[in-house]
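Below you'll find the structures, each written out as structure tokens.
The two complexes that follow have chain A in common; it is paired with chain B in the first and with chain C in the second.
Let's turn to the complex of A and B:
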């Protein structure tokens, strides 16, 4: 059995502050301050987010419910496993190329749009010197970002969801000790 | 620091619940996220919502500033600052520029905030429609449908009765063109500072068990009409201590014959200007 955060109180506090700034300033990669030990099926960056935000009150859907990862998460956080993506507060996507459609996850209730899923997507990497332009709350003018390893129709699927705002999904992309958050309000600008 | 408590008073489960709610609040600007408000060692109405948000954010490297109506030295501000230095051992400051976290009751500092600062508002009533519609189920529906006619009618009634919009504080705003939001009872003088602020702004209402957020660089419009545009308060006076002509002024009675003076509500801004003038 692997350990979790070496210092649970302060490691999760520092991770949360980065996540909050990441969500407040979308499409900008931010360095995660602590990457904990993690079973092979879960990226250490994704594990840092899960240890920071999950406990017995949350459920997670794992794209690949690897036994070692499930044991590790249950032991350290007490979270519940969801059978269906629709039921989960969090979803961990380790192979974006074969991920289920974004429409499969919980988008919230019109009166309670916060009751929607947060997706943690393990990608291959980020580039900020190229890629699409993004705008929306938290972005002063526009940010450029390319996320490597997403299915080709990912952004079309996401754009289709945006018509349902305030319902929607919030995304955390992770790679190389970095996190990029993309709340439902961030728009991909057509070139 | 008092060692009997967990860091920053709240237990880790409560902080995680608050942190999940805060992330959703930032993702849906202006929308009120319900949260499980805890009993705090001071009563509702004394900033328990702001305190819980601050406790969920606070780390050992933070520098905390707390203001009450702009002042660092009033009872509420002093108590909250002392509370966090006892239960978290964090550094505190009265200087806006030195703070990483600023908890505020009913003002936004005059000094412009930066991207690395977070402003946390204490909110008594998070629902801007509550005085017009008492049922939570109904106000939730109005927000879901973005049906804000009630608020426009209220502002119109002000114009019909007084000739202008008489609301001078807690002046309703539309965040990113979607959610009608209470800016907390800040004077409408401060509303323009909400618009495209470089700093993240978080709002906590302890008694009402709601929190919400305005992300940085987000459009925040104060409601108005084409022929009655939004206007902020103006004074014929200048601050009698620092001479400022563009800050929010408090009118203070200084003797028993009704003599009055006008002074800056933001004590740090005012004393900073006086130090500068002497130098």
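Let's turn to the complex of A and C:
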């Protein structure tokens, strides 16, 4: 088994601050300050987010449950595993190309829209010099971002969810020690 | 004494947790952590809620909070855990390290002889002394008829 954050309190606080800032400024890649050791099945950036946000009161759905990763997460966070995507507070997607439809995950309850899932998606990389335009709260005019490694109909699926607002999904894309947050309020602008 | 492996581990973990920290440190002096020791969960102190049942059968109630220090260490393939009462991180570290060594069939006999058995004797002595002190203060109320 591997260790987690070297300094559990301060490392998770620094990561939490960065995630907060990432959610406040969507579609902008931010560097994660600490990258903990992680089993092969889980990207270290995703592990940093899970160690920061998960505890015994949260559940996670793993796209490919790997015994080593499950043991590691259970030991260090105490989280529960969900059998179905619908039941999970968090979902870890390590292979976006074969991920289930976004409609499978919990979108919240009209009285409690916060009871929705947050998806942590391990992608291949980001480019900010091209790609789609995003707008919404936290973005002055528009941000350009291209996320590499997503299925071709991903953004259509996400746009289809916007009709349910305030229900929806929040996304964290991770790659190369960076995180991009995509809350449900961020819209993809048509070219 | 039950000799099933899981109960044996529970017994030595309990013994290590109840040991006097100074005695444990002295006994563990001969065992240095090898190079492949990884502190999976560095010693951290927190509070646990103790719950009890009146007479062992009544409804549960919260008895009070207790300070507990926990620690987990990996030595080679074996993982040792410790939960000890109090806030002495060194005690938790040594207890976790001893638990990991006790799972190693090569190390266990030496550790059992040099650490576990002396600690068990010392714990028995402390218990004996406490119960003797308590027995010495027993008061016989001759005017009250006992239900014996």
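Everything that follows uses one rule, which is that the second predicted complex is superposed on the first by the 191 of 191 C-alpha atoms of A that agree within 3 Å, B and C clash if a C-alpha of one lies under 4 Å from a C-alpha of the other, contacts with A are read in each partner's own complex, and residues count from 1 in each chain.
Going forward, a residue touches a chain if its C-beta (ideal position, glycine included) is under 8 Å from a C-beta of that chain, and two chains touch if they have at least 3 such contacts.
Here the structure is a predicted model, which is why all the values come from computation and not from measurement.
Look at A:87: by the touch rule set out above, it reaches neither chain B nor chain C. In the superposed model, A:58 lies in contact with chain B only, and not with chain C. When the shared chain is aligned, chain B comes close enough to touch A:16, but chain C does not.
Contact with chain B, but none with chain C, is seen for A:183 once the two complexes are overlaid on the shared chain. Of the two partner chains placed around the shared chain by superposition, chain B is the only one that A:170 touches, whereas chain C remains out of contact.
In the superposed model, A:24 makes contact with chain B only, not with chain C. In the superposition on chain A, no contact is made by A:157 with either chain B or chain C.
Judged by the touch definition given at the top, the superposed model places A:110 against chain B, while chain C stays out of reach. Of the two partner chains, chain C is the only one touched by A:3; chain B is not. Greater residue coverage of chain A by touch, when chain B is weighed against chain C, goes to B.
Residues 8 of chain A lie in contact with chain B in one complex and with chain C in the other.
Contact residues on chain C toward chain A in their complex (touch as defined above): 38-42, 44, 72, 74, 79. Residues 8-10, 12-14, 16-17, 19-21, 23-25, 52-55, 57-58, 89, 110-114, 116, 118, 136-140, 165-166, 170, 183-185 of chain A are the ones touching chain B in the complex.
By the touch criterion stated above, chain A contacts chain C in their complex at residues 1-4, 8, 75-76.
The touching residues of chain B, counted against chain A in their complex, run 6-7, 12-13, 15-17, 19-29, 31, 33-34, 56-60, 115, 137, 140-141, 143-145, 176, 178-179, 196, 200, 213, 215-219.
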